[in-house]
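The structures come next, written out as structure tokens.
Here come two complexes built around subunit A, the first alongside subunit B, the second alongside subunit C.
Presenting the complex of A and B:
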């Protein structure tokens, strides 16, 4: 994971998205590409609120799914990195600055 | 447990359509905010008087309900949407609720400031009606002198503010010969376009607009145009399919569809619907049978319990009384709404669709294509001939 622990994550505010029956569809408005999250990804997506770090999001996975902490952290980090590369989420530093 | 993310336009869309059709989720909603308009297009199917539009508060409540129900694709249309003074308030609410927002407009009222606001409010795409690249032809249809010039002036402004623009050109007698001009115009602007072969009756069923409908034979140049995929149904904004790739232009006679709809006539009532400025909920703007009104009922109560929608959802193309036996069915873009309005039967075949399907099949190399409607009509005619002749003979002998 390349982002420091103090970094928190927030959704890209430009996106259109909807959770439909436990799966989430996200549309990037500028290129019209559609992205799809499964139920676990949707859970993480809903939990991304501009206040939680990857570790905190992983803790929520542990609380809500029967999964080991190290697996949850690995999964959360991988998904966040993937979403970041697609500009679906951005990181916010402890000082409040946003980086893509 | 693995959190997964997949991407792409068509595969994700097809899965989404399949899921929402299976569970009847209202994925795509067409919401007309007003029927008032600053043009008077000769073929228009709307009554432009205001009979009591939803208030701003009512519109916002509708949006809340739609978001809770799982609607994602939202198309605001009219009439002319810029005649709603609360348009931006409604768009801002739609943005807060994370809808994918498209607009349909004639763009006469677009200014740089308004385009900037649309961009800020997250509008993804604006579909603009253009009837010709020739001012006299376009303006004669809209009945507004100078309208083409004003509409075209808006397009670069919208593009400059990051909005996707799509041209929509309903083809009719008045502009049929100008269709290549619209194609060239769109290509010059670098925007996609759709040539729509459908001219519908008024929403109250009256047939005035049909006088402007081009004959099937006169549509041959469009159907034959190699640059248009006219012989195959194309995905269009009717399902608000995001298009990251694909042909620049298409020609359709009734809309959509995706293979994900399989045996269903279309998306209407399955995962899409239409809401009028007065709060009426219809399966589709071309199927004006109100399933309920949002001033009296919640959207979910209408969507999940209206008998009109339940009946519509039970229809399967393979069980249609005439069309299921049609040998050229794959060339047909039968629309249930037009079947009802033009043929009087939601389940029936109707002349326009059959004639278009025959023409498309002929162009695709089918020898003497005949729709089931025409085949059975011919057969009935043959079968009744001896009786008719006997009746004539009897009449003759009686008169002797």
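Presenting the complex of A and C:
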């Protein structure tokens, strides 16, 4: 993944989203496109708060899904890249003490 | 719907009240022909018991310095909602007036836990059956195959949550029936996603599937994030509280036999 380690992830503030049936439905108002996230994607989505890096999000996957750290990091990076390509998440600089 | 409305001289302002889904509007206009056309067009929806939301129609100058809370433009016609008043400008035919009313209603329903849906609604045994689907799915067909029911609309349904339950209202917005729906309401029996098939069959849907059925058919015209959040909250509640089904149906009235009694 090309994203530097000093980068943290946040939800695109222009979106509307809700949890239903353990999945997350996200609406992009500008193009009226509906996106759906499965259980793991929903967990990651809820954990994205503008403060955590991909590695920190992967740690949460390890704690909650009992997966190996390298698998969790790979999965987290893949999910974040997928969400980024759909403009669901954006990266922000971690400088300024937002995260260690 | 191409009858010209704005084609005569102006006189004193008149107000035409209409109520759709218990949302009351007062259309203020100075054109006598326009007033007459609106009076005929919406005559079944004039039981306005509440103070109306006032709409100034083709009224010229805009409020000085005021910023609109919501705007929408359609083929030269413009809706602008200011804190003090709502303006419809450039309205030249019934189609434009109808379109702006739909847009305004969809926006106003946000504060009333309601929404507009591309759907036919038929009331049978006191309950509203909402048939939704994309263009060509069979909304008007289902409505025409319901001789024992009252068709609230064959095109655009209005759903509102009131006192903890969902009600469907008729609207004056027409489809192939080329006539306004009935100005009545009824508690919602369910939402039915239409699929034309060789056999009639009803399959229940989970809330997520109901939301999937609703979302592409909702009429909503704001790209503003907060408005869309409120809409999604309302739709999620509807998907959770209203029974939803896939309805595979043959093109005859026998499809009514598969409904739960």
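Keep this in mind: the second predicted complex is superposed on the first by the 94 of 100 C-alpha atoms of A that agree within 3 Å, B and C clash if a C-alpha of one lies under 4 Å from a C-alpha of the other, contacts with A are read in each partner's own complex, and residues count from 1 in each chain.
Here is the rule we use: a residue touches a chain if its C-beta (ideal position, glycine included) is under 8 Å from a C-beta of that chain, and two chains touch if they have at least 3 such contacts.
Treat the numbers as computed from the prediction; the structure is a model and nothing was measured.
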- request: Check the residue A:7 against both partner chains and state whether it touches subunit B (first), subunit C (second), both, or neither.
  value: neither
Query: Counting only touches as set out at the top, which of subunit B and subunit C does A:55 meet: first, second, both, neither?
result: neither
Message: For A:90, using the defined touch cut-off, is the partner it touches subunit B, subunit C, both, or neither? Pick first, second, both or neither.
response: neither
- prompt: Is it subunit B or subunit C that touches the larger share of residues in subunit A?
  reply: B
Contacts of A:15 with subunit B and subunit C, given as first, second, both or neither: both
Message: Quick check on the superposed pair: does A:27 touch subunit B, subunit C, both, or neither? Answer first, second, both or neither.
response: both
Field: Contact residues of subunit A, present in both the subunit B and the subunit C interface
entry: 14-18, 20-21, 23, 25, 27, 29-30, 34, 36
Field: Touching residues on subunit A, where the partner in the complex is subunit B
entry: 14-21, 23, 25, 27, 29-38, 40-41, 43-44, 61, 65-67, 71-72, 75-76, 78-79, 82-83, 86
- request: Could you pull out which subunit B residues touch subunit A in their complex?
  value: 1-9, 12-13, 15-16, 19-20, 23, 25, 27, 67, 70-72, 98-101, 122, 124, 162, 164, 242-244
Message: So in the complex, the part of subunit A that touches subunit C is made up of which residues?
response: 13-18, 20-21, 23, 25, 27, 29-30, 34, 36
- line: As the complex stands, subunit C meets subunit A at residues 206-208, 211-212, 215-216, 222-225, 227-229, 231-233, 236, 239-240
